[in-house]
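Contents: one structure, followed by commentary.
Labels A, B, C and D are assigned to the chains in the order they are written; within every chain, residues are numbered from 1.
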């Protein structure tokens, strides 16, 4: 089983993005799971194109994109992506869409096709807080999740796809308002590995 | 320099207390700081008595008590303890004081005599979120901090004393409401060590 | 212009539901808007059926369902309903669906067809906090919003539809954890009126 | 019975302060309670001097200062003021003290001498969320509460004194981050009246 896992480059004034930092800490092989890691741009539209390049190059069985959700305290496995782009801050190319479709001819929404319940369960069974999330927002995270599921729906039906949101890394919490939740990068990375195990395990059954 | 650092036993239905778990992970020596670790009961009055036993036995230069603050996201170095005990849940001996003084003849409050600003700064300089807190609540945490500072004021004026609140450990977050902040025990323990360094450093200057 | 506005009966152990209480405070006429109010059951499936009964009986130009969102501090105008029913507590008929579709043959999601941006703007312009929400959850609120938009899509294309989430009423905050946000019923009701004005105004343009 | 109640002028970039706005809505007489209202400056030191002027002029039986606590959702009756001034933003005269005593020769802290439990109970009994707070912070609110209790301790022992924190007014919530709790000014004002009733009632018993 081969899984392509992506993480965003930093955005919004942060110097690191815990998503890609945690992805980088993953091993290349975990049991019989081959893990291919890729950094993608925090840019509407571009992110999805880079993901498709990765799909074509690596022919994965599943694709999981990972992004930062600064206001969350746990690992959030996303259930649904919606066909809507709205940005309260510009992306890394200066785009700031408002009330725009991600794909003109796409469905209103797509559900993740990875086993979100099993993923959350496996992460929690290993002692790391996690939950299903029912909104990936309307920024580049939702946009690339939508693009991925749209691509799968139209062109790559044998691939499973989804998205995971992760909290700020511990270091990022310094200087943020008191009360801002954080998680160690090593813990986030372990959680991602448990998520991948669940994807691979489901696939076997 | 010898520092006595204490952590509470579990309470409130939790099976572990991140305070003592993190204390246990500390080394016995850090530079020229000798670290003496002690578990104390989560019981009003008793906690302070056990702390005094530790003072008599170990003759420390400073005493720092550590407790869990489930609703915090960062390391909270407490600035003040107040002469008031109020419990919304019973302590581990079944006591549930309401509107009671910690010490009949004590001051209304005592400020910590450890260098809280330097401690917070050193923790943050090492990439771990921390802040000064101006309330240790009214449960056993505040009570033992008050008892410690009362003892120092009356009987052990050469000792410096204070209290540190720590978040839930990561594992404790599983099963708690989504949004509950946590921190790795190893990170909490590192933060405690940076706090001790600041106490020792201040002492040298 | 005739608008049908519904509020749920109490659920989850609450003795009142601020949604219907606020709906009841609305006038029957506001300018040239005729307001028809209806209480609907907090029951998966049934809620949507009662809404359709209201549509058939009153032939409204728009239908807005209103529900309580206990963890919100402002008026939340929902943007999208998803084809998923998951309940962490039973509804008022004892149903507790998990990972079930709202409508077997429905789309993955429907966007609200009321002018959510104009509604939020008009509420805020009158000094009441409001925002667009991108998840109505997976409980009966999302379910009835989905049912409404499904009905509109399939059978009543000339009707506009959507959903508004409101905070706890002030009285409900007594006894809840410190930090629980609330809003006066009279304020919630005014916000609903400003929302209806925006729906009617958009219709004129 | 005569009660002097004060509210701060706006600060921190806000155009109104819900504290004084709510105070202004109070009647001049409530049963046999004579209510004297006074606006005080949001300035360290000055606030306390103006309060003393009010004491000398009006000879009240009790003094209650009221301030805004932007991050709270309920009415917070303060239990204790500490001898510490630390400001993260300048006050209205540009002062920004850090680690400074409020009164050089004052106690470490003073407890409120108004009946905080009875006040919270009476507010809640009337359907408005309230709780005892154990920290008034370290800004001008804590400072004036400290000054008041210091004055009472040293010079006016027959007067009772304390402090109440109130949330943002509803209008202030517009433009603030989603999730910011607010309360109607009329509700805040009612809560203050119920608090005064409890002060007067306690006095009779």
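Quick note on the criterion: contacts are C-beta pairs under 8 Å (C-beta built on N, C-alpha and C of every residue); 3 or more make two chains touch, one makes a residue touch a chain.
All of these numbers come straight from a predicted model, not from anything done at the bench.
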item: Longest centre-to-centre distance from subunit D, chain (CA-based); value: A
item: Mean-CA-position distance for subunit C and subunit B (Å); value: 47
item: Mean-CA-position distance for subunit D and subunit B (Å); value: 31
item: Rounded Å distance between subunit C and subunit D, as computed from the means of their C-alpha atoms; value: 38
item: Where subunit B touches two or more other chains, by residue; value: none
item: Topology of the chain contact graph, where touching chains are joined (line, ring, star, complete, other); value: ring
item: Each pair of chains that touches, named by its two labels; value: A-B, A-C, B-D, C-D
item: In the complex with subunit C, residue positions of subunit A that touch it; value: 79-80, 82, 84, 99, 107-111, 117, 134-135, 137-138
item: Complex interface listing, subunit A residues touching subunit B; value: 72-74, 124, 127-131, 170-171, 173-176, 178-184, 186-187
